[in-house]
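For reference, chains read A, B, C and D in written order, and residue numbers begin at 1 within each chain.
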Amino acid sequence: MPDKAQSIRIAYIGGGSRYWASMLMSDLAACPHLTGELILHDIDREAAEHNVKVGQAVFDHPDAATRFEVIAEPDLEKALQGATFVVSSIEPGPIDARYADLEIPLQHGIYQSVGDTTGPGGILRSMRAVPTHLQFSEAIAAHCPDAWVINYTNPMTLCTRALGTAAPALKVLGCCHEVFGTQSRLGKLVQEWFGLDQRPARHDVKLDIAGVNHFTVATAASWDGHDLMPRLREMIEQPGFFESKAADAQRRKDEQQYFGSAGLILYDILRNLDVLGAAGDRHLAEFLPWYLTDEQTLHRWGVTLTPYQWRKSNAEQPRVDPAQIAGQPLKPSGEEGLQILLALLGIEPLDSNVNMVNRGQMPGYPEDAVVETYAQFRRDAVRPLVAGPLPPLIDSHMRRIVTCHEVLLQACIDRDLDQAFSVMLMDPLVTLPVDDARAMFDAMVEHNRPWLEGWS
Amino acid sequence: MPDKAQSIRIAYIGGGSRYWASMLMSDLAACPHLTGELILHDIDREAAEHNVKVGQAVFDHPDAATRFEVIAEPDLEKALQGATFVVSSIEPGPIDARYADLEIPLQHGIYQSVGDTTGPGGILRSMRAVPTHLQFSEAIAAHCPDAWVINYTNPMTLCTRALGTAAPALKVLGCCHEVFGTQSRLGKLVQEWFGLDQRPARHDVKLDIAGVNHFTVATAASWDGHDLMPRLREMIEQPGFFESKAADAQRRKDEQQYFGSAGLILYDILRNLDVLGAAGDRHLAEFLPWYLTDEQTLHRWGVTLTPYQWRKSNAEQPRVDPAQIAGQPLKPSGEEGLQILLALLGIEPLDSNVNMVNRGQMPGYPEDAVVETYAQFRRDAVRPLVAGPLPPLIDSHMRRIVTCHEVLLQACIDRDLDQAFSVMLMDPLVTLPVDDARAMFDAMVEHNRPWLEGWS
Amino acid sequence: MPDKAQSIRIAYIGGGSRYWASMLMSDLAACPHLTGELILHDIDREAAEHNVKVGQAVFDHPDAATRFEVIAEPDLEKALQGATFVVSSIEPGPIDARYADLEIPLQHGIYQSVGDTTGPGGILRSMRAVPTHLQFSEAIAAHCPDAWVINYTNPMTLCTRALGTAAPALKVLGCCHEVFGTQSRLGKLVQEWFGLDQRPARHDVKLDIAGVNHFTVATAASWDGHDLMPRLREMIEQPGFFESKAADAQRRKDEQQYFGSAGLILYDILRNLDVLGAAGDRHLAEFLPWYLTDEQTLHRWGVTLTPYQWRKSNAEQPRVDPAQIAGQPLKPSGEEGLQILLALLGIEPLDSNVNMVNRGQMPGYPEDAVVETYAQFRRDAVRPLVAGPLPPLIDSHMRRIVTCHEVLLQACIDRDLDQAFSVMLMDPLVTLPVDDARAMFDAMVEHNRPWLEGWS
Amino acid sequence: MPDKAQSIRIAYIGGGSRYWASMLMSDLAACPHLTGELILHDIDREAAEHNVKVGQAVFDHPDAATRFEVIAEPDLEKALQGATFVVSSIEPGPIDARYADLEIPLQHGIYQSVGDTTGPGGILRSMRAVPTHLQFSEAIAAHCPDAWVINYTNPMTLCTRALGTAAPALKVLGCCHEVFGTQSRLGKLVQEWFGLDQRPARHDVKLDIAGVNHFTVATAASWDGHDLMPRLREMIEQPGFFESKAADAQRRKDEQQYFGSAGLILYDILRNLDVLGAAGDRHLAEFLPWYLTDEQTLHRWGVTLTPYQWRKSNAEQPRVDPAQIAGQPLKPSGEEGLQILLALLGIEPLDSNVNMVNRGQMPGYPEDAVVETYAQFRRDAVRPLVAGPLPPLIDSHMRRIVTCHEVLLQACIDRDLDQAFSVMLMDPLVTLPVDDARAMFDAMVEHNRPWLEGWS
C-alpha cells in the first residue's frame, strides 16, 4: 500500500457481478492513489463470495500498486454503512426475465437491437428494476447520504433517476461508455483526414453532448480546435455513402459478432435530423421508429439483432477463475469509474459525459429528469456544462422521450400497470394496434410476474 | 335591407367554392343585422361568376332578411381593398393533386382516413397551400391590415399560421366544426343520463378545449354544471364497451357513408391518455400511430377510409343551380362564421373554440404556434381562455406535433424539400424505413410538381 | 321566499364585521334567486350576534325579495360544515395592531398611503393574517372542500394564497373593487369624448387586467369597441396634464376625505411604464418607490395619507342599529359578491377581474402565485383569460413583487422573522439603511408580539 | 522570437489606453508561446502612437520572451482586417463627461461609489458607449467575423452585449477581475482557518458564480474540497462582526485610498439575501438601494466614495515614459487576458468567470442577455457551466436588473431618451420623486449633449 494513498470505502451493490466487479478491482489495483475497503453486496451471496476471491487474487497480483480489503456483505444496510462511494451494477431479475423483454415483442413483430433501455423490453426491465432502485435510494439516504453513487445498471436513465428519489441532496451519477465509441470512431476519421501517424486519444475528440442515455447526440465535434462537423457533412453527401451494409450485418450475424456496426445510423441522424448521433447504432436505432421496422431494414444499416439465446448462454458462462488471475497481466477496463473516483477525491480533474438530474444543463427540460451531457468532475462536485440547443425536430422528440421516462418512473412508484402500458403505447418502436399492444404487454407482465411484486 | 343593419365588406378568397360560399351567403341572408358587399375572388373566375348568380338568388329569396351586393373580382388586391372581413376557403391545387396525398402513401402501406391535415397527405397539401397563403398574408397586410381574417382551408393550422406571417398585428382566426360534433355526441349521452325530453343544444355542453386543429382534446366536460367526466370514465369501463365496430365500418363503407363513426377513438384516448378526444375519430386517428396500421384495424374502431375516387367524383358534382334556390327554404349551415362576425362587430357576444396564434392559452407552447382552444369573441377582440394542462404523455406528443408544424412552416417559406421530408419522417403515421419513406416522398413531390413552384 | 330560489349555505368567517356583513345581507335580500342559511362566525361572538339581529332586520325589510336564516356560530368547524360558499372578511388583529403597521414606519420616514397590502405595514399585517388563514384553509379542506371560498381580507394576495394551501383542489377567489373605480374613471372620459348623455355603465368599459391585487394594470381599454388607449395617450401629452394637484390633496386632508384622488398616478404609470394603472392611486403609489418619498410628493399627485388616528376612531364608530334598518331603503353595496354567487350557481354568467392562483393567465409567472386578471365565472367554474403581456420594465418589477409574496408566504408558514425581514428589505418603499430597517422591523414585531404567536 | 510560437493578430480598440495597453503588452512579452501583430486603434491618434513606442520598449526589454510588431492604425476597418483577436478597452467620452455621471446625481442626493456600471452614472455612460459599440460590432462582423472579441470597457454588460448585436455568430467575451478579489479575500480566511504557511493561490478558491458583471454572487465556495460556506455563515454570526467600519472608511478617504473595503457588504448580502456577494463592495453597493442612502451609511460599511475630482486628475497623469521601461522588470498585470488567449488557442485550458450571452448558464434568464458565470475556455470554444440557482429574492431582483439592461440596450439602439429615463426610474439607486428624477436626467443629458449624437 503506497504512502499517501487516500483511504475510501466503496459499497458495491451487485458485487457478485460477472465482469464489472473484476474490472473495477483491476482498475483500483493499478492506481497507487487509493486504498481502503471494497464491500461486495449481492443477493447472490455465493457470487459475491466468489468475487472476494477474485479480488484477493487481483490485489495480490504482482502488477498491483495498492491494496483494498475486499469483503462480501449480504446485508445491504451494513454494506452501505459509512460508504464514501456506492457503485451500483445489478441485473434486474434473472436472465430468464429477459425472455419477456425480447422474445414476446418479437412474436408481435417488434424488433429490438438491445431491449434494455427503451422499447417494450426497456420498459419491462424498468418495471423490474425501478422498485429495487427506489429501495436502494432509501437505504443510501439512511446509511451514507453523503456518498457519491455511481450507477452502471440499465435502463441507465430510470435507475439513476430512481436512485436519487429518497432525498434531494443525494449525489447520483450514471456512467456509460457509448459516447467513448463515437469519439473513437471519429478519431479514426481524424487520423485519416489529418494524416496522423496514429489515431488520436479518445479524449482529444471533443463532443458537445446532449440527450438521454443511449440517445445522445453531438451538437459539436472538434479535434485540436478543428471543427469536424463540416467535414462530416461533406463526407455523408458523397454518392454511395449510405449504401446498404446488409452484407456486413449478415457476416456479423453469422460470426455472432453482434455488437459491431458501421456507424451509418449515427450519420443518418445527422442527415435527417441535423445533429450527429453520439451513442452506438444499436442503441440509437431503438429511439426512432424507422430503423427497426424489420430485420432486413436493420441489416441495411449494418446492424444485427442480438438473439436472446446468445444472451442467455453468455450469462451462463463460467466465472473468472481466481487461480488464473496471477498468470495474466492486469488490464485496464477502458471504463471511467476510477477516473471519476479520482476526480471526486480531488486527485485528478476530469471532464466527461455523465447522466445526472437536470439542473439546467438541458435548458427547458424538466428539472428532475436525468439527462446525459458533459460535466466537470472536481473535488466533491460535478458541474454540468450547458448543452444544446438541439435542432427543433429531434428536440421535440427528445422531450417526449424524457416525459415518457418521468411518467414511467411514476408508474413504477405507484406500481400502476395501466400507466406503464400508456408509456409503452407511446414508445417509438410500438406501432401496433392498441389491442395487440395490450395483448403483448399483458403477456410480458404475465411472464415476469415473479419479479413484479406489488404491480396491479 | 333592414334599418340599422351594420354595413360590412367581406372579401372571400376562394369565392368560387362549391359549398362554403353558398352556405355563408344563406347565413348572411337570414341575418337582419348585417348588410354590405361580398367580394368573391377565385382563380377559377367562372366559378366566382357562378356564385354571384347563386348569391343573387339567395338574397332575392323570400326568406332573406337583408341584402348583400355580391361581386366577382378576379384581382386579389382589388378584392381585399377596404375589406372589413376576409374569409378564406380554397382548395390548394386541383382535386387531382390529392392523388399524391392519398394514393401514393397507400401504395407504401400508409392509410390515411382524411389526409388533409397531417400524415404524408397533410404535409404535401401544406407544401401546396402554405406558399399561396404567405402571399395572401402579404396582400392582406398591404390592403386591409385591420380586417379580421377567417380561415376555413385545411390544413387549418398551417394555413392560419401562414396567413398571419406578414405582420404581427394581423388578426387571423381559423374556424373548424369538429368540436361541435363532440358536443352533439355528448349531448346525446346527457339526454339519456338526465332523462331529458330532447337533446340539449350543442352549446350547452361545455368543453375545455386544448390542442391543435383536428387533434383537440377536452380536459373538462360539463352540462348545466354537472361534471360529465366521471360519467364518461364509468361508461368506458363497462365490459364490452370497446368491442370491435368492424361491422359498422363495413356497412358505412358499403353505403359510401364515409364520414360517420362511433366515437370509439375519442374514448380510447380517454382510456389510454387520460383526456377525452374532442375532434372526430377520422381526424384523431391520424395523429397517433396505432389506429391506422391497416384498414382492418381502422374498421375495428368503426371508422372507414374515404377513397380518393369518391373524393374526385364528389368534387366533380354539378354546382348549385341558382334557378332552384328560390324554390327551397334557406337553411342555416350549422357553421359559426356568421356568429363570429356578429360577435366581432359587437352585436352578440360568443364564446367558442378557435384556432389562433398562441399568446399564452397553451402555457409552455411556442408563442407563435397556432393552437385551438376556447376564446371569448367580443367587439373587435378575441381573448383566449387558459387551456389545459394536458396529462404529460399527450402533452409531450402534442408539443412534438406543434414543433413539426413550425418546422414545416419554415420548410414552406424556404421551399426546402429536405426539411419537409424530415417532418414527414417524424409524422406519427410514417413508420416506414428511411429509404421507403424517401421514395414515397419523392414520388409524391414528383406527382405534385406543377403545384410546387420553387421547391428544391 | 320566492319560488324556485336556489338554496345555499354561506359560512361567513368574520361575520361580526362592521360593514361587509350587512352589505352582503342587503345584496342577498334583494335577490329573488337565492335562499338558505348564512352562518356568521367571528372570534368576537358579540359582534356576530349583533349582525344576526341586523340580518333579521334586513330580511324582514319590506324591500327584501327573499329570506336567509342568519345564525351566529362561534365554532369555526361547525360554521363551515356543509357550506356551499365560504366568505372570509376579517380584521387581522385589533385596530391597535395597525399602529405598528403605520406609525412605526412613519417614525423611520416611510410614508404609506394605505399600509395594508405591501410596504412594511402590509408585510406585518401579512405576518398576523397568514397563519390564521392557513388554519382556515385546513378547516375548509376538512369540512367543506367543495365550497367556493371568496376572500375579501387584505392583504388580498397573501390571504387568498394562504386559503388555498391545505389542498390543491380548494376553490379560492379573492375579490376587490379597485378596478371598478378605474372603469368608472374612464367612463367619465368616455361620456365626455363621445358626447353621451350619461356615463356608461362601469361594466361597459372593458379593461384587460394583469398584475397583482392593488397593483393591477390595464393592457387594453375599450368602450363599445372603441380603443381608448390612443385617446388616453393623447390626453396625457397635453401640456399641464401632470401639473401638481397638491392643493386638492391639502383640501382632502383638511376635509378628512382621505380616499379620493385625481387618477394622476394611474396616468403617470402609463407615461413612464407604458401601461395604464388600474387600481386606485393610493394603492398604486405603494408599489413603486417614487411616489411616497415624502408627504409633499404624495400631495403633488393629489393623494393624501390616511392617518392612523382617523382609522382608529373610525373603527370605533357605533355599529349599525338594527332598529333603524326598516326605515331606510335597502341599498346595493356596489360590490360583486352576489353576482359571483349567481354566476357560480349557473344563474347569470359574469366576466370580471379576480384574484386566483396562476394557472397560466399570467404566462411565465410562478404557477402557484395569486394574480389578478380577468376571468369567466360560470356554473361551478372560473376560467381565467390570458393576460398581458406587460411591457418589460413593469413586468420584471411585477415578477419581483410576486416573488416577494411567495417568500413571505413561506416565511409565514415557517414563522421565520429573518426571512420576513429580507422581504421587507426588498420592498419598494423601504430604502432605509440596513441597520435602520432592522431596527424598524424589530420595533414593529415587538409592538405586535401579542398577535405573532410562534414567530422567532 | 521563440520557436513554435503561434502567430496571431490582435486588433486593440482603444489602443491609446493609458494603462491597459501597456499591461497587455507586458503580459504578451513574457509569454514565449505567442507572436504576431498588435494593431493599436484609437480615436486619439497621438495616444496610439505613444503606445507604439511603449510597445517597442516592452518587446525590447531584456525580460521579453517574444516579439510582437506593434502598429498604430487610425482606421478602424483596417485595424480589424484579418484580426484573430479583438481587444476593446475604451473610455466612452472624455473624462469631463463623467461629471454628469457623478456630480449631477450627487446634487440630487444620489451617491454612487463607482458610477460606471449602473445607477444614473452607469446609465448615462451606457448611452454614450453603446452606440459606439454597435458600430464596432458592425465593423467586426464585416472585417473579422471569426475573431474572438474581448471587452474590458464598462459598463461591461451593455458594451459586451452591444458588441454581439451585428451577427448572432460573433464570439464576444467580457472580462472583469472583480471576482478575483473575492477569491483573494477568501484565500486569506482559508490560510487562517486551515493554518497554512501561505495564502492559497487565487484560483484554488473555487466559486460558483452567477449574476451580472459587478453584481455577481457565489452560490458555492470551496478550497481543496472543503466547503467554505458553513464557515462563512458561522463567521458572520459572531457578535460584533457587522460593527461599523466608519473609521476605516474615513481613513481611506483621508489617504485617498478609495478602492479598498472590508468586504462587509459581501457578507451582508450573505446575511440578508442568503448568497455571498462576489464582486467588490464598491460595486455591489450600487445594485441594492440600502447601502448608498448617504455618505455616512456607505462609510458604516467601510467603503468611501471616489470623488470626481480625483478621477479627473488621475486621468490627466502623465503617460508611461517608454524610456523608463527598460530600467524596470516587466510585471505581470494580474489580469487574465493572456490566459484567455492561450486557452482559446488551445495552448493551456482555463476555467474562469466570464461575461457572455446567456445560452442557458443562467436558467430562466433571457436568452440574449449578457450574464457573468463560470466557463471552460478551450481551443476556439467557451462553454459555460450551469449557474445557480439563486435564492428567490435576489434572483427576482437580478432578473429585474437584467431586464433593465435589455431595455436600455433597446433605448440606445433607438436613441430614445424617454425609454432611457424609464430605466433610470427603475434603478435601485434612484428613489427620487418622478419630477426630480426627470430634472436630474435632463440635466445629465444636457451636459453630455456633445457625446449623445442622435438621441431625442
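Definition applied: a residue touches a chain if its C-beta (ideal position, glycine included) is under 8 Å from a C-beta of that chain, and two chains touch if they have at least 3 such contacts.
These figures come from a predicted structure and were not determined experimentally.
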If chain centres are mean C-alpha positions, then the most distant from subunit A is chain C
Between subunit A and subunit D, the Cα-mean centres are separated in Å by 44
Distance between the CA centroids of subunit B and subunit D (whole Å) is 56
Among line, ring, star, complete and other, the chain touch graph is ring
Which chains touch? The pairs are A-B, A-D, B-C, C-D
Per the touch rule above, subunit B residues touching subunit A in the complex are 268, 272-274, 289-291, 293, 297, 300, 392-393, 395-397, 399-400, 402-404, 406-407, 421-423, 425-426, 430-435, 437
In their shared complex, subunit D is touched by residues of subunit A numbered 206, 208, 220, 222, 224-225, 227, 345-346, 351, 359-361, 363, 374, 376, 378-381, 383-389
